[in-house]
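Please see the structure below; I have some questions.
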């Protein structure tokens, strides 16, 4: 089967069919939509598990565009994003990478934790992130112009930034940037109830524990509990694991290995029950 | 033979036929089962040889799912987990890696000492560890949804964690975590008897020696003797190696090379006999 | 299709059809043109987003030569620039890289942030940058003489220079060098109006904010806001994002992650409104 | 010829035909045999040239099993041990590595200086070193069970251990460990006579010199003279090199380059003659 | 076409047809010629742009031998110099590298900035640089004797030497070495006039500026202006760029990015006009 | 043509036809010959250019064995020594490396500066350097026994030894070691006369200069002038370069780049003339 055709067919798999459950935190929906209409790329900043991926799914549904997500990592290269030649049946076949598929299909492309990727990703991101809106595919000797519907979004967690894994100013000064944080207590409890099925009282206690752990950040914890961990704890409770045990496994042990911190978090949990 | 078919056939090799001997330490069986039913990934923490692998074999038998184990290491890449193209008879054939085989077969996948692996494993683990439950196979241009029976479990030994080999919060805050430790004395003696065939008195002495070495942790030993070492010593004794000699080879020399520590452990062993 | 022919056809894609909007800062147009007539390579220095790429587009239009741009990065090798063999249909085909295409077509070649590239790029740049004007293609056993119309331009941001990413004297002492900076206020406001569509008052405020951030350079900011960021903010405003919110997302969050700096820039922004 | 067949034929080359000359130091023969009968892997520790390899040859002969030896090094990978695909005559052929050949043939496998190898060797050694006794060959999608006759032995020199080249506790706590040292004087003289053909008086002098150099360990020498060096000196003497000259070339210059140490050892040698 | 034949034809491209303009500094022409007649390799030392390449072109013309130049760099390997196999039309074809072509053709080979190259270049240079005069081509299993006309010349800039990029004594003690420096003022002015077309007064001013910058070496400048930069400035002046502006772009900005140094050099330039 | 046949034919190229000019320094010829007869490997130690290679050529002629030399370097791997598969005409052909050729032909193999090579060379050297006398070729699944005539010699310069480039005790304690140094004055003058053609008076002055530079070792020079440099200077003098100029180019500039050291050596040279 022709590679281009097969890709065109498959892109529909990346369309979000049902409205994802998303509770807005501020004007992020309006800014993202304005950036998209002006064909400006967007940078999402914030701690893990605070809803950046969910926000992207929501925008993908709202703007009715398919979304292709790539979790970046230390070894991700430009070729992983753009594509490469593969030998099949004695014939060399070009296979588009996820970024190229996104550009061709005019979909949203979400590069999660971009700073983790190899630096050669810069060469393909830069011309997509300014007036040119072009994806150069050197190995094909081809330059693919991005249609107006295409949008590039990247994310990272400023808490993890190091000298080695920094975003160059020449890169970041191309993006409209949105900061994400933990939702306010009331909203977060609503999310926990909706996602795990626990009742209000249980959700309130989980959110209270979440806040306590976030206050420990930089006092022994690298990061507080994300909303996702609170949801995980709720799910265990709903499957008959006792509340303290669920909090211990889904929150405390997931956050840290340090015996003193584990004891401290156990006490926090006990103080709520 | 067709690769997919051959894989389907082979997965049955990974099913645990007989109930493995496992002595529970706490509520780990219940929590694991609840996590599995909620399709949450699990993180096992604890020192070497304390029964994490045995626990996984037990859960695999109990939930009646095949289990595929991968011992991670410095050079393990995402391709090692997901699969790669191989040239066979002039034709390029895709060969599924162990993680892909596990996802397709709805089996348990156990990544032992995950923090040792290359960081590009993150890209395949992340979307499997949240709501999406997807395994992206970029080289096939394919996204494989995980069936509800599939479950990912990873392990590591917090004692070995270093700055370079740390688990990112964005990864660990996806897991339900269970801590494993050495079993209580009575239970451990039962395990030693059952596995090595020695009698109660011998097993009690071995457990006593085990406890003594564990007290030396951070006082010259990196780690105390695991239950496995006690079993090894028991086995040597059952094959007519004298008790002190068996303890020396199977426990002392296996734990350390330091002449002073070796002398100290020899004295500990002598004090028991 | 024959590779050389296909390249010859495609080079026209790289010709700039319409006069780009460019406001000269000094004698850079005259010096560049003199260097080009003397077949001397040019080095552009300056901070990100101050118009180096736009200047190149303008010169490309003015001299009526196609321009091929390469964004350099840590992993860019000489082969990426010169070309490589690819296996197609069982036959090995040579594919010219962007620098070779530029030399053959007598076009301008612009290597953006050259110091990021691998050092083996030196071997192909040096003989192009002195009297010889030759591009050696070792893998073809061929030496391509550059036609008089060909010109090599490289850029970098002196603010990013490090010991590891320095330009060797034996390389830089081949170039005529031009320094770029931020345009004067009046000119910059004109650019912001023209590019984003905001009116004079809005543009003046944006330029004022830009200057304020540039004064923070080396006092907590790695770099001040480029003209591009001011334009981005203007575009968001034109799509109904409130001015302060647009400045926050397009300027403050794009510049830094530091909470204190973000607060300081918010205050700067508030002081203007 | 079929690869599996050719391997089966060749394994007989690895059988030790004649009883190697070996003088036991303690209970190492009994412990090794008990470990082998219990299918426990063995770790040999000790300085270079003290007879670890000879011991393995002796056990291989005594247990009547072929032995495959691999000298590990910085670049030895799991593939070097397990095997790899090679392209032959347009067809891809799998070639078993030495470890796989040993497992299939139920022979002894001796990995000399295991800590030098790449860490991915862990992935193949671990499942061979616990109850599972399995060799996973991911590239074949095959898991080879080790027959009871198979035994894995590894060695290293604790004197060389560094932080980078340490054996993880999760690895070493799988082995029965045996420490080797230099043989007592009388026994060592017997070995020197037997191996080099010198008479008792010459052998005694060589052993005396050996002891002197071992006392210099950590006082300027990294390690004392091994029995092998004493044998080398004896062989040179038997081929008409004068005794002092033979000791100088075969012992002193082989041990160190330091002029002061060389002078000191020369004096030691002179004091014996 | 046969590779050897095509190489033989092409070598004539490397012959210098017309006498290059070269002003001798001392006895370098006589020493080089004596070294060449004795088949001794030559090492050229000196700062960038002081005429080493031009000297080689002159000697190539004078001795009537073709010259092959290789600009060395961090990633240049022995294979880049010697040659490699390439797959063409299903057949493996050996392609000689530049050094091999030079040896076979009895031409001069000039390895510019040899210390930048990978260390495996040593293996091919050493046997060419002593009595043996052999080029081993391991991949062909062939040893090519160098004809008497062949000569190897290497260069480097002692100012750049670092611990990592040092020439081993075992390498450098094979060469006859010649040091190059900046020409005396009168001679340099003659070169500037000849190469750029400016008149005596302009050339004198340029040489004066060159000397001033060279006095700044190690006082803020890594290196002073080479003769090449003075020629570049002259060329710009001849194309109607004002003298101060030409000096600024071709000399000051080419030498440094440091604002203080740039101001100092501007003052130097102003003092001359 | 069959590879094995072609290799057999070519090995004769490596036989030394005429007695090389060699002046013995001590008992090195007798010790080497005794080591060769006992099939013991030899380690040559000493500074550059002191005649180690010439000694090997002499022994090769004296023992009437061909000699294969490999100059080791940072990137030399075991495969470079042992051999590799190459694809030729669609068929995979094994090509023996130089070590394998030497073993098969029973010739001398000389690995120059062995400590520079990659560590995986250990795996092939070790079993060749003890009783086993075997060359394992894993990729062929073959073990080649070395015939009695085969001999392995390695060299290194103790002055260059660093922590990273050290020879492990487990390696060096396999060799008979010979130390080389500069020849006594009278002998060295004889060598210089013989090799360069200068008369006794000139040779004496050159040797005097050589001694002076050797006294500067560790006082600013990494190493003194080798005999080879003195010969080079003599050769230049014989081709009408003045003596002081020849000494400057062939000795001073070849030894160092340091201006103070160069001035000092110039004075030494002047003091002799």
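Order of writing sets the labels: A, B, C, D, E and F. Residues in every chain begin at 1.
Heads up, the rule we're going with is that a contact is a pair of C-beta atoms (placed from the backbone, for glycine too) under 8 Å apart; a residue touches a chain by one contact, two chains touch by 3 or more.
Bear in mind that the values here come from a model prediction, so they are computed numbers and not experimental data.
Mostly differing positions are employed by chain D and chain F in their mutual contact, as under half of the interface residue numbers are shared between these two copies.
For this pair, chain B with chain F, the centres built from the Cα atoms lie 51 Å apart. Chain E and chain F have CA centres that are 30 Å apart. Those residues of chain B in touch with two or more other chains are numbered 87, 90. If you sketch which chains touch which, the chains form one closed loop in which each chain touches exactly two neighbours. Order of chains round the ring, counted from chain C and going first to chain E: C, E, F, D, B, A. Remark: chain D residues 27, 30-31, 34-35, 37-38, 40, 43, 45, 77-78, 85, 87, 90-92, 118-123, 126-127, 130, 138-139, 141, 143, 158, 161, 168-170, 172-179 touch chain B in the complex. Per the touch definition, chain E reaches chain C in the complex via residues 6-7, 10, 13, 47-49, 53, 69-76, 80, 86-90, 95-98, 101, 112-113, 116, 157, 160, 222-223, 225-226, 228-229, 232, 235-236, 238-242, 245-246, 249-250, 253-255, 257.
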